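Across the two complexes that follow, subunit A remains constant while its partner is subunit B and subsequently subunit C.
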Partner chain A sequence: MLRHDSAPMSSAASRRPSPIAWLIAPALLLFVLFFILPFAVMAVMSFFSGNPISNPNAVLTTRHYQRFIEDSAGIFHDALWETLRIGLITTVVSLLIGYPLAHWMARMQSRLGHALALMAVIAPLLTGIVVRTFAWMTILQDKGVINTLLISWGVISKPLPLMYNEFGTIVALVHIYVPFMVLTLIGVIGRIDERLEQAARSLGAGRLRAFAEVTLPLSLPGILAGSLLVFALSISAYVTPSLMGGTDVLTLPMLIAQQLGTSFNPSFAGALGVILLAVCLVIVIAYNAILARLSGEQGLA
Partner chain B sequence: MTSASIKLASVTKTFDGKVVAVDDVTLEIGAGEFFSLLGPSGCGKTTSLRMIAGFEHPDAGRIHVGGRDITDLPVHHRDMGMVFQSYALFPHRTVAENVAFGLRMRAVSKPEIERRVAAALAQVALTGFEGRRPSQLSGGQQQRVALARAIVIEPRVLLCDEPLGALDRKLRQQMQFELKELQRRLGVTLVFVTHDQEEALAMSDRIAVMSGGRVEQVGTPTEIYERPRTRFVADFIGEINLLDEGARPRALRPEKIRLVPPAGARLAGTVETANFLGGATLYRVNAGGRTYLAREAHSGERSPRAAGDAVGLAWNDADVVSLES
Partner chain C sequence: MSAVANRKPFDAGRAAYLALNLLLLAFLLVPIAIILVFALNPTPYISFPPVGVSLRWFVKFFEGDDFMRALWLSLWIAACVLVLSIVIGGACALALARGNLPGRAFLTAFFMSPLMLPAILTGLALFQAYLLAGIGRPVWGLIMAHTLVAVPYVLRTTLAVLHNFDRRIEEAAAVLGASPARVFFEVTLPLIRPGVFAGGVFAFIVSFDQFPVSLFLVVPKGETLPVVLFNYMKFDLDGAIAAASMVSILLALAVVVVLERLIGLKAYVKL
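Our next item is the complex of A and B:
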């Protein structure tokens, strides 16, 4: 009874933030300095006719957004659609390649085998993005490895259009982003108890059915996270589409770089940036909602 | 529910080409029998069970169930119920969906599934828990769901891999009674893997004691306890006094030793320690330069002895068991 007074004291103490909370300060600072601040500047710029600091005549306007919506030159909407299509295809292909690989690695018994496979998966991340892209160019271009071989074997007479188009861009993007998919999925699949699948099999499900009924639904959170990561990375990719896409491919990030570098129109570039982010957010939220509903039916929500 | 007999004929399983997990094991388990595989970890009991279930394929030997060779039959065609130590309930499904799983795989009609799931949950006293998720249940309740999920498919054989291992002592004892009762009611052949000798003695019709991948002895709980064949079995099941070592050691259970007045006893000695066990006391008695274990049940008349007391030891020669090695 005498100890009653200690209860409110301890709850007051627990309401005080833990000293460990201060450790997130550097991350928070980084986030504000390099994400919130630049984005805010970009968003503000996109509503001005010119740079408000250097040009005192700059006025507030929505004409950059109108320019995008009207799209008199007929390239902006195409660029947006191209960007989303490349992002979508890259994500789906990365998932189809990455899932079986991640499943195989997560279920591997041998530690050495797991380490070797992990190294092989991470290897593309250890090479620079430009080096990787040029490596693909030597393989895919008209006088590259594949076309030269196929022509010398007489399979084809003219080189196949393997690069300077969407195909080449997607091949190179998938190569770069599969590791992100695999690493995300390995963690999630590895945490699924193998005995769940065994239980399903003992109850009469074949291997494939057991996988579809148990492991696949339980790995939905990993599929969600991996897909969002790869999608976000590939719609914001700049170097790979510019090098691999040639004149055929114009994505929004390339357009933004053009507006900044060649046309020197940072306000319109800012508007494009805001549009890309907005479209991306809408898609991510929609995708999230669909998968959450799917896994909600499975009881993961 | 029809039950089936199980026969393991010279079954051997080696892992990674060197570790012999199961070494030439031959067993016959009768239809409707409660049969335990008992032994320390690594003795091959779980591997034997997994071979019966079909998760492992024997390197040599055949496995028959109900007179039919099932060695090469895939897991999902074996029609066996399996209960895992970790329960292995599907976390993304409700209790009812977990139990319905096996019926769904058998393309049973919806009303029939509902009826049988309700019946199975009633069998394990979990009516009303249909909509819960496994994570919302206690360990004992999860265990019951795992049981219901295994029996709802009306298996001819029920395989249990240390199913009570994760439960606390009190709950485990209650589940022992319930599982035994359920098995009797269903008449199903039950193979029970455990390292807990008390559990095996309490529940089984027959026990196979395993060690190092081999079967040391098969028998009823009484036979295993009263007439252990090998030193390993004698030692593994309860406490034992080894009277003489060597090629043919002789063994005597502590409760077969009587504490008597020193005069005229077979051996005279002094009590080293007295461990009060509730219903009995376990004495360590030093006599003739060695230590004997003697368990004395409390009848309420005799006053308990304390450390340092002089006592005599007595036993009947008929209670002494000769061991093979």
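Our next item is the complex of A and C:
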């Protein structure tokens, strides 16, 4: 241990595992029992007609996937499409809102201002998804803040349909996931040398052009990483679409909950889960590839 | 050069940029402030503008058996998750940073992956596993599920501290004759403590506010607070939810402040 501790840093890769490596055991046990195994169970169950332990007649089948592909009721493909569309719109709007905030904060001179803005971004993260969805329901419903104000000012005569549709769902989802976008982007924009932009401007570029041709391309890795993160989070949202979507919105996570709750068909729910998982895995792999290419490995926090 | 040239008496572009960002900050904060308004507004349904100040919704929340049972269950679970995740996550971070393990990058990504996968799928997978194992839906199953999604937060904050700190402090202690155990307990552990406890704060909040992982794993009369609030909101939208939301927010803040005061600051002073 003494020898290993005083060894030069450069030989780190060639050293053998130290006794400290055993400290990984509890985490490994937790993750095998409560993460790998359950996901394997879910994948296997999705190929059974019923619970193979309690029901001896359960057989291997691909009918849950066929049911999704055939989609005789005409709702599954719509739900998948709706899920992806909500995810995409949420991501684009989060980027449009998150980028200026992150840029402003990363370039802020005052430490106090930076700390206050950071607290404002983190504060929504400290309030649960259910609480934040409630807040948006009080704002967007027919007797909510916006409609009441607009009616009392005489701008409109009857309430605007701000909620129980895709619009309300996306507004609330953007509010919930923008902090993730901002926190991802701050780190990346903060690492871009401000003098590059100043150099472009001293060579005659306008403020907007210097930004568009220097800072924006350099922050592209952050834009991609933040977008993939928000997309992955918003396609798996359940609370917000089910409370704010009304009858207009049916997403894959809502369908999964329905299959477990009202239809009690865990195998089909498992198949839907595997489909959503496949979509997410593609995103996670892309995300990790992009993060690996970022030079600084400071993490998102 | 250009920075000096920019200092005009009034810069419209810069003012617009500042105004835009303040507006965006307001978008983030106003909804949370509005919860307080509705928590104190006495009308029987959500209505705006508020007509007065009353504590009736807080009374309804604190006198509601379902709310109180859920609140205590959520607090109990979050406390267990806090302890479990700082022990498991802290140990894991030490192993990853100091254990010379092969495939470190892969292992780190693996232990972070619950953050990237949809939490509702983690809940669904655990539901299926518990169903297959025939163990029902016990509270410890919920605690382990929350711990699984909380560990990555502890791992991330602890690894950040471990990456930043100067290994020569440990080496100096060893050179001066401290045994490996003594180096660990008197140098390494105090140094990583701020990171571990910062992660613990996140772990507590992640568990206390957890919805998607809990949804399929709770039993009737044994729901956590977010699940109770969600079910309530499907039928009623009154100030009780706002009061419950305020209580949740204040509890989360209290945990942050208390842990920071008790452990965070002391750890920094000791440095």
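Keep in mind that, in the parts below, the second predicted complex is superposed on the first by the 246 of 301 C-alpha atoms of A that agree within 3 Å, B and C clash if a C-alpha of one lies under 4 Å from a C-alpha of the other, contacts with A are read in each partner's own complex, and residues count from 1 in each chain.
Here is the rule we go by: a contact is a pair of C-beta atoms (placed from the backbone, for glycine too) under 8 Å apart; a residue touches a chain by one contact, two chains touch by 3 or more.
Source: prediction; values computed, not measured.
After overlaying the two complexes on the shared chain, residue contacts for A:W22 are found with subunit C alone; subunit B is out of touch. Using the contact criterion defined above for the overlaid structures, shared-chain residue A:A117 touches subunit C, although it does not reach subunit B. By the touch criterion defined above, A:S236 lies against subunit C but remains apart from subunit B after alignment on the C-alpha atoms of chain A. Once the two complexes are overlaid on the shared chain, A:R209 sits against subunit B while remaining clear of subunit C.
By the document's definition of touching, both partners, subunit B and subunit C, reach A:R201.
Taking subunit A as the reference chain, the count of touched residues is higher for C when subunit B and subunit C are set side by side. When the shared chain is aligned, no partner comes close enough to touch A:W81: not subunit B, not subunit C. Comparing which residues of subunit A touch subunit B with which touch subunit C, the overlap comprises 198, 201-202, 298-300. Every residue of subunit C that touches subunit A in the complex is listed here, in rising order: 1-3, 13, 17-18, 20-21, 24-25, 27-29, 31-32, 34-35, 38, 45-49, 87-89, 91-92, 94-96, 98-102, 107, 109-111, 113-114, 116-122, 124-129, 131-132, 134, 144-145, 147-148, 151, 155-157, 159-160, 167, 170-171, 174-175, 180, 183, 205, 208-212, 215-216, 226, 229-230, 233-234, 237, 241-242, 245, 248-249, 252-253, 256. Note for the complex: subunit A touches subunit B at residues 193, 195-196, 198-206, 209-210, 213-214, 217-218, 295, 298-300. Within the complex, the subunit B residues that touch subunit A are 53-55, 74-82, 84, 86, 88-94, 101-102, 105-106, 133, 149-150, 153, 159. Listing the residues of subunit A that touch subunit C in their complex gives 1-2, 4-6, 9, 12, 15-18, 20-24, 26-27, 30-31, 33-35, 37-39, 41-42, 45, 51-54, 97, 100-101, 104, 117, 120-121, 123-124, 126-139, 141, 143-145, 148-149, 175, 178-179, 198, 201-202, 207, 229, 232-233, 235-236, 238-239, 243, 253, 256-257, 260, 266, 269-270, 273, 276-277, 280, 284, 287-288, 298-301.
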